[in-house]
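The two complexes that follow have chain A in common; it is paired with chain B in the first and with chain C in the second.
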Partner chain A sequence: MAEFLMPSLGADMETGTVTEWLVKPGDTIVRGEPIAVIDTDKATIEVESFHTGVVERLLVGLDERVPVGTPLAVISEKVAPAARHRAPAPPAQAPPAGAAPVPGPSPEHVPAMTPLIRRLAAERGLDPAAVHGTGPGGRVTRADLERATAGEPAGKPAAPSAAPQTRIQKTRIQKTRAQVPAPARIKASPLARRLAAELGVDLRTVTATGRTGAIRADDVRRTAAAPPAPTAAARARPRPGMRQAIARAMSRSKREIPHYYLTATTDLSAALTWLRERNRQLPVPRRILPAALLLKAAARAVAEVPQLNGFWRDDAFVPGEAVHLGVAISLRDGGLIAPALHDAANRDLADLMAAMKDLVGRARTGRLRGSEMTEATITVTNLGDQGVESVHGVIYPPQVALVGFGRISERPWAVGGLLGVRPLVTVTLAADHRASDGYTGGRFLTAVDRLLNHPEEL
Partner chain B sequence: MTPQQATEIVQDALLQIAPEADLAALAPDTDFRDALELDSLDFLSYVEVLSETGGVRVDEDDYPKVSTIAGAAAFIAAAGPR
Partner chain C sequence: MTTYREAMREAISEALLADERVFLMGEDVGMYGGCFAVSLGLLEKFGPERVRDTPLSESAFVGAGIGAAMGGMRPIVEIMTVNFSLLALDQILNNAATILHMSGGQFNVPLVIRMTTGAGRQLAAQHSHSLEGWYAHIPGLRILAPATVADARWMLAPALADPDPVLIFEHGSLYNVPGEPGTEKVDIVSAAVRRPGRDVTLLAYGGTLHKALSAAEELAGGGIEAEVVDLRVLRPLDEASIVASVAKTHRAVIVDEGWRSGSLSAEIAARLADRAFYELDAPVERVCTAEVPIPYARHMEEAALPQVPAVVEAARRAVSS
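Moving on, here comes the complex of A and B:
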């Protein structure tokens, strides 16, 4: 007999809420299979079972917030032979007895969509699983919703390479646009609109600072951070605990971890030339971004310097068994999450790029897995898209290092006694001085530089 | 392909990536990577859609040309009739 407990999905998690059971009493569950969907302050996470056995009882109801460590279900270790090879939870299972009805099907069948689109779908009474996504990766777009609302058949799968089909799609979109009454238009950036919807901010209450008088995302964030107006008070903001969760983890880090910081500049000429050549020969969907190359270099370098890969626990360093690279992903509402890319050092570049796309997509619009939330052994943050030159990061405890990449920019650089203009990136390492010393950290930055100068080996 | 058709293809590609984009408020020669706050993954997704629906391969060297609505429309229109 084993108990499935509310897991700790990160140093900053104190409580969690079961929002969906993926099993019911009588089901056989195999270790590693998803058992429940849990909402934390930071994310919606699919949690895997640590046990193999038969689900005897579910102990907590849906939407009940409980502390980490609370027993959630009882799993007996006897396995009914017939049920041993249970298929993964089928969609739209009947909810467990006594539980509130579970809206929505199982995660495999929820099409990728942004929270805004999900909310619009809910408002229109649409079943997300029934909406056919025509966006990249099957993403559901607003046009898909409009089509579904108008009761039209779903568009063809997203391969509109033939011109006639494209025209048909467009006609449909225009037709459905005409059918949906347009709301009074407030000038705002699309991100600002998405954010406003997610944060429950009424755009009419936001002061615009954009050049053309348009509302920008920062304006929405400012309004959301301000004390809510009485009318907005009733609206729930998703994940109000996000900021507090980040605050707890970062305060603990700065309280407990004696950070040291190292910086090095790397010439990316070789890496970018190689990447451009490679991408030119590949179909667009298989194109690789420089960000993936940087992740790969960091993963390989940390595999060479294992003193930076792991955890500080009970006054000792515990090395990670593989390089599970935490990737810092901004959630655009000011939130931040750093799920793990498992075994990043041993995955080839194409695989890593695909995994990065998938991870970013799921962090922003879908679900992460429990193992992704807990198993990162080192974190990488890349603020290059933000135009930042360098990042001196705060280590995510109990990890012992954090790698930062700034913007890739053309700068003067001396090579062989001559001044030239090269694409450069500033790489930083923030490391825990209890677990390693500056000399060790320096070896890591040297390895990153060497690897990025031999991109064909990555 | 008429300029109008090319512009529609570009706008549809953008709407797939940023469904809430207010394209009417976006000047044809504005770099929408900034205006729509797209990161490099978002922009790559847009390029994927544009390559597919515009029927023209967009190489990385072409990125500056396709980061405004007018530029992208001219780029796919120049690729010839389909």
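Moving on, here comes the complex of A and C:
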């Protein structure tokens, strides 16, 4: 028996609200799978289970605000290894009329699928093995995922017998949120869509008054003006609590952490030349931005200087298990969030770049995971695109260091006694003096500089 | 108070007085006083050198106009109707519109061509079509559609001052319209808001402007405040003004006497989809001429053309869609 507790999704979190259960009693859950969607002051986050077992009971209702540590569910830890799927395997279904029979997936057989499909399925909370594949050899295609996401009523298993024409065998699906409108199903004018996005209105909650059944701008305004339903309130933007949450964390940081600051300027000509050469051979969507290179360098450098990678807890430094690089991301409606890029030091650049894009996208649509919120071991803030020259940041407690990158700009720079124009970046380190000294910090900056001068090693 | 016809005549008269390089030529512009009596009396006043009757050969006299313009003159060429202008299309498109480009910028063609367009006077198919949208397709030309007495009076001077060819389309139903020309100069680059409103934008020009204004009047009775935008310049379109109005009202009805397929209204609708998509709260509506040759019989001609009730209906559809 294990209890799933309201997690602390950040040092500053005191309470949270379950806005959605992704499991129901009787479901089998595997450690690491999302179990619930929790709303904090900062974001709506999918929280993963720490346990493998069967969900016995849910203890907390939806939209109930409870303190961190409150038991939310009981999970019996009888392992059910065979039960890969949360629901009983649906009976094999009849192929669509007139179509050649396609081998349907059985619970034991997970059809081949591309990494992209796996990722998309994971993002949508779909089990790809349970999606009916219509591709070659029963492979799950993107269209199948679309169908599975779009066609199923929220939270209810699709009963193949009741709806024999449906191709969907999935038993669990998340309610789509306002930020992810199901494309092409809601009829709304372009202006209405824009307003809905601006006002944080979920188009599915809007009553259409248009002659053709379309949602119009006025309908959105009316919904936005109406007193919001509790769930809508939890998801509405902007979040007034966000500012308070940042205020608490940053005040705590400045109150408790004796910061010291170091600055170094690094010549990026080698790095940028190398990156240009590399990008030349890549199609545009796979090209790598200098920011990814900077992140990678910071991650590798901190792996070499582990005294900066971890947490200050109970008057002692606790090193992080790996480098989970927190990336400060500004949200469109204001506010800031710093989710983790897991194991950033060991990921190759292309992977890191993709992960970075993914993280930024999800941060801005409120789809971060709990582990991303809690596990960052050091944070990087990059304000270069804002034209900032250098950032002397505030450490996000209980982490012990924060790395800042400024703008990459061309400046006169002397190399080997000769003056030239070089692309330079100012790298700063804010570190917790309880956990390390300036000498350690200096080693870190030296390592960043060395790595950026040997980009092929990154 | 004067009329559109008299305002046009006054503008030509003023141009002939102001610049000796200016002359008027076309079929019947001299002895007869112009097919629509625009140039009545000018021959007597300015003589046959400045007001020249031409043979019935559009290609020849438009070509001559182009040559004169390149030779330093400032010709105003009158073509009786847009239908006949197609006989001169080779000159207009292949010469007037292209010479600046093909000479590598060495030769401008400072030519003004005036012609009548539009239907509504029972002149049947060969005298009633609205082909200004075709000319608005051609790079190198500026296309004007004065719809008010003031525009008729004041658009000619800037058109003559333009170093490149300018085509002025005068809707045949406007010549008798009375109005105040005023003294304010007008430009030949921008659209004009003729009636402000907040609920829907009616985009019209030339002969359809007055129908749009009548429709706006009727809509106001029903509580719908329509903004009426007079395009005035069909090429280059004043996209900024169009988008600004639609950004205010979020709905657009285009009233175009051209046929719907491949028309100016199609161009505007496409640009709204392109530049104002997230401002639109309803599909763009178009009120165009039925895709038939304009009939002779009055009731059939009226049925084929955009009329006020159709504009009102389209506006209501847009507001309630």
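Assume the second predicted complex is superposed on the first by the 297 of 458 C-alpha atoms of A that agree within 3 Å, B and C clash if a C-alpha of one lies under 4 Å from a C-alpha of the other, contacts with A are read in each partner's own complex, and residues count from 1 in each chain.
We adopt the following convention: a contact is a pair of C-beta atoms (placed from the backbone, for glycine too) under 8 Å apart; a residue touches a chain by one contact, two chains touch by 3 or more.
In this text the structure is predicted, and so the values were computed from the model without any measurement.
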Which superposed partner A:Asp385 touches (first chain B, second chain C, both, neither): first
Winner by number of chain A residues touched, once chain B and chain C are compared: B
Which of chain B and chain C A:Ala217 touches, first, second, both or neither: both
Which superposed partner A:Arg280 touches (first chain B, second chain C, both, neither): first
A:Arg194 touches, of chain B and chain C: first, second, both or neither? both
Chain A positions touched by chain B in one structure and by chain C in the second: 189-191, 193-194, 212, 214, 217
Residues of chain B touching chain A in the complex: 8-9, 12, 15-22, 24-25, 35-37, 39-41, 44-45, 47-49, 51-53, 55, 57-61, 82
List of chain A residues in touch with chain C within their complex: 189-194, 210-212, 214, 216-218
Parts of chain C lying in touch with chain A, wherever the complex brings them together: 250, 277-282, 317, 320-321
Parts of chain A lying in touch with chain B, wherever the complex brings them together: 114, 116-117, 134-136, 139, 141-143, 158-161, 163, 166, 169-170, 173, 185, 187-191, 193-194, 197, 212, 214, 217, 276, 279-280, 284-285, 287, 289-291, 356-357, 360, 384-385
